[in-house]
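Here come two complexes built around chain A, the first alongside chain B, the second alongside chain C.
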Partner chain A sequence: MAANTKEEILTGLAEIVNEIAGIPTEDVELDKSFTDDLDVDSLSMVEVVVAAEERFSVKIPDDDVKNLKTVGDAVSYILEHQED
Partner chain B sequence: MNATNHTVVVTGIGATTPLGGDSASTWEGLLAGRSGVGHLTEDWAAQLPVRIAARVAVEPEEVIPRPRARKMDRSAQFALIAALEAWADAGFTGKAGEEGSVAPERLGTVVASGIGGVTTLLGQYDVLRDQGVRKVSPHTVPMLMPNSPSANVGIEFNARAGVHTPVSACASGNEAIGYAVEMIRTGRADVVVAGGTEAAIHPLPIAAFANMMAMSKNNDDPQGASRPFDVDRNGFVLGEGAGIVVLESAEHAAARGARVYCEAVGQGLSADAHHIVQPEPTGRGISAALTNLLALTDLKPAEVVHVNAHATSTPQGDVAEVKALRGVFGDDVDHMAISATKSMTGHLLGGAGGIETVASVLALYHRVAPPTINVDNLDPAIDADVVLDKPRELPAGPIAALNNSFGFGGHNVVLAFRTI
Partner chain C sequence: MTAKIKPGQGAAYARILGVGGYRPTRVVPNEEILQHIDSSDEWIRSRSGIATRHWANEDETVAEMSVAAAGKAIANAGIDAAEVGGVIIATVSHFKQTPAIATEIAHRIGAGKPAAFDISAGCAGFTYGLTLAKGMITEGSARYVVVIGVERLSDLTDLEDRATAFLFGDGAGAVVVGPSDEPAIGPTVWGSEGDKADIITQTVSWEAYRERGAATDVRFPAITQEGQAVFRWAVYEMAKVAQQALDAAGVTADQLDAFIPHQANMRIIDSMIKALGLPEHVAVARDIATAGNTSSASIPLAMEQLLASGQAKSGDTALVIGFGAGLVYAASVVTLP
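What follows is the complex of A and B.
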């Protein structure tokens, strides 16, 4: 599978956050904090991570999840670590 | 009255039941003698010996937005829906601490369930087995824990006086309300949101209850299957839903000009110490609960004109309950209109005490006892005045009602309410 572009990852994350937290996809922007802006608490963040792993063919170890504060953090992480 | 003996009143009610999505539609269904029981149409039901149940009339996802609902077990969803209705009905517009509300430190919640988040637990086991560890929801534990409905309701209204969950099987809802009355009576809280909820319609609990021979297998006649006090009763019909009341100290209610439905007089408690599930056949334990109620409150037998019986439609239990009423109250039972609303709602297990408290409160408020349906032939062993088929008007003047709930394990909880 071809690697996802930054735009594709953002779109995919927006759909995941919409499904889990009910936030409109257009509000899921790079500078938004999962916890403070998008109503994704630590438990829901695990759901976001599991869904992102599946969608983007990437492994996100538990130790790295805590560094993913914003949508931009997650997009960069996935861009860097996705398997192609 | 001293500082540790406050009078407790009911100022709000809420419900979501097999008869309706709120307390008004539930009450209307009860007075109309409508059955909420139907066929289970899910694929999994085909293999079961029992294929009937009383589903809620309004699915919770029609009420609670999905992002919130997916983090709550169905039992907590029911409790939240009923609690929001009760809170608004009590005249509160904001959470505790907001303008016109109660202080957070003076608000408690006591919401109980008999089984807790059983569909979450079993559903996530299916996920584990079929999809692996990684797909098990991180929300599983806070969803399945039995205190989850109480905690969700407590967070919703900002309750900080205490959030509790007594667990006593089918007596849980009544025990929760009794606990809440004590919280206010003894001065721990001014307002408590209390009741019971249950969501256990799933093949495993149904198979287990059916194998105990506790459930009616009248699959061909769902609406006639729950028939408390009838000679042909053959077990309970599982129901789901929640009933919640707002309890408040009389002073607090008066100070904010709240509408008062009735007084919550108190509770009588006992345990059978007999068998883990079988009712004690002479009604000894139930009699003790009734005796304790009379000893520990100022309730007078002459005031009691209505009983919302536990009466689940099992051969032994219904008789033991009436024997106990007769044994303790003697001839006073003759002026008690006995209603078995489970004939219409099915048995909500831990939710039963909640919705039956709502029914008892409304019976006093409107002075009318709901009927008992499906009694084609009253069991001659039932030596009491059962309200059959049609609602019955209750007398004028000061009157009281009892709401009985008994649970597997031998738990007996009787609540008393009285007009103001």
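What follows is the complex of A and C.
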């Protein structure tokens, strides 16, 4: 499976956030904070992470989850850590 | 010469014959918790589903609550207490380690001279005890076993810890397990993950607290947890364990009448239902809203509540799963009493 591009990851992440937290996909932008802007609380964030792991073939350990403050942080993390 | 050892003669199968609970008289609303932490009723409800919890007063000891719950379970089972051959107490919040509190409780419920002991398996304590009871009955070392999950977690709560101050409750839940002609407790899927021992733990050991209790850097040995790590494990890993318990019992999710998970957090319960793909007709225990997380007591308390409310009835097929500090877990499919 080919690695996802940054745009594909953002689109996929927006769909996941939409499904879990009910946020419109167009609101899920790189500079948005999950907790402050998108109202994704710490537990929903875990659900987002698990869904992202499955979709993008990436492992995001709990210790790293706390560093993913913005959508951009998550996109960059997935981009760097996804398995080819 | 090797002597031939005669095996025990146990019952063919075991089942839960009766259930009973004790909830402390004092109801503590979120407003009272908010006197100690900077939070809100809305925040607590949305993160945990908890509106109120029961906290024990000084007379509602581990023994008192256990005796009350066991008495109800024995009456519900319709057996004579003198026939009880085993008493298993699951708890992490009885502060006198020896002798086991089980012996006093066994004596006070009128059980004669049963095998009596305490076990420590966190929030899986009840389901661990249930598994031991089933073994004792089918192996022939007891005809009836009382299993009690009992906690005074308010004694282990850090009122100033924003992440856990609202979480815990007190209470006792008991069942009587006895012989059955039909299989009524499925195979237990259980285990431990000691590499995650730190994600739910006491802040410090009692030993450290005793030695340095006066020092400002030693906190009271309250229970603390890493919420996100616990949530991920509880939802996704425990959904797999629950599915394995269904498979082991040869029961499909469609055939379930009730789901009684450890009442850890409403969000965990909701997400487990999704991860397991439970059909809508399955009655789900949501006792946590008014009981809080009572660790080993939560499953029998929730079982009693589900039956009393009419959401489930005697003879229904239920999936029970306990999971918590250790980390430890145990799940099985049971017929409700």
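Descriptive notes on the structure:
What we mean here is this: the second predicted complex is superposed on the first by the 84 of 84 C-alpha atoms of A that agree within 3 Å, B and C clash if a C-alpha of one lies under 4 Å from a C-alpha of the other, contacts with A are read in each partner's own complex, and residues count from 1 in each chain.
Here, a residue touches a chain if its C-beta (ideal position, glycine included) is under 8 Å from a C-beta of that chain, and two chains touch if they have at least 3 such contacts.
Note that the coordinates shown come from a computational prediction; the quantities given were computed from them, not determined experimentally.
Once the two complexes are laid over each other on the shared chain, residue contacts for A:22 go to chain B alone; chain C is not touched.
When the two complexes are overlaid on their common chain A, residue A:62 makes contact with chain C while staying clear of chain B. By the touch criterion defined above, A:50 lies against chain B and chain C together after alignment on the C-alpha atoms of chain A. With both structures placed on the common chain, the touch criterion links A:39 to chain B but leaves chain C unconnected. In the superposition on chain A, the residues of chain A contacted by chain B and by chain C overlap at 43, 46-47, 50. Across the interface of their complex, chain A is touched by residues 46-47, 226-229, 231-232, 235-236, 267, 271 of chain C.
Touching chain B in their complex are the following residues of chain A: 20-22, 39, 43-44, 46-47, 50, 53. Across the interface of their complex, chain C is touched by residues 41-43, 45-47, 49-50, 62, 65-66 of chain A.
Residues 65-68, 70-71, 134-135, 137-139, 142 of chain B are the ones that touch chain A when the two sit in their complex.
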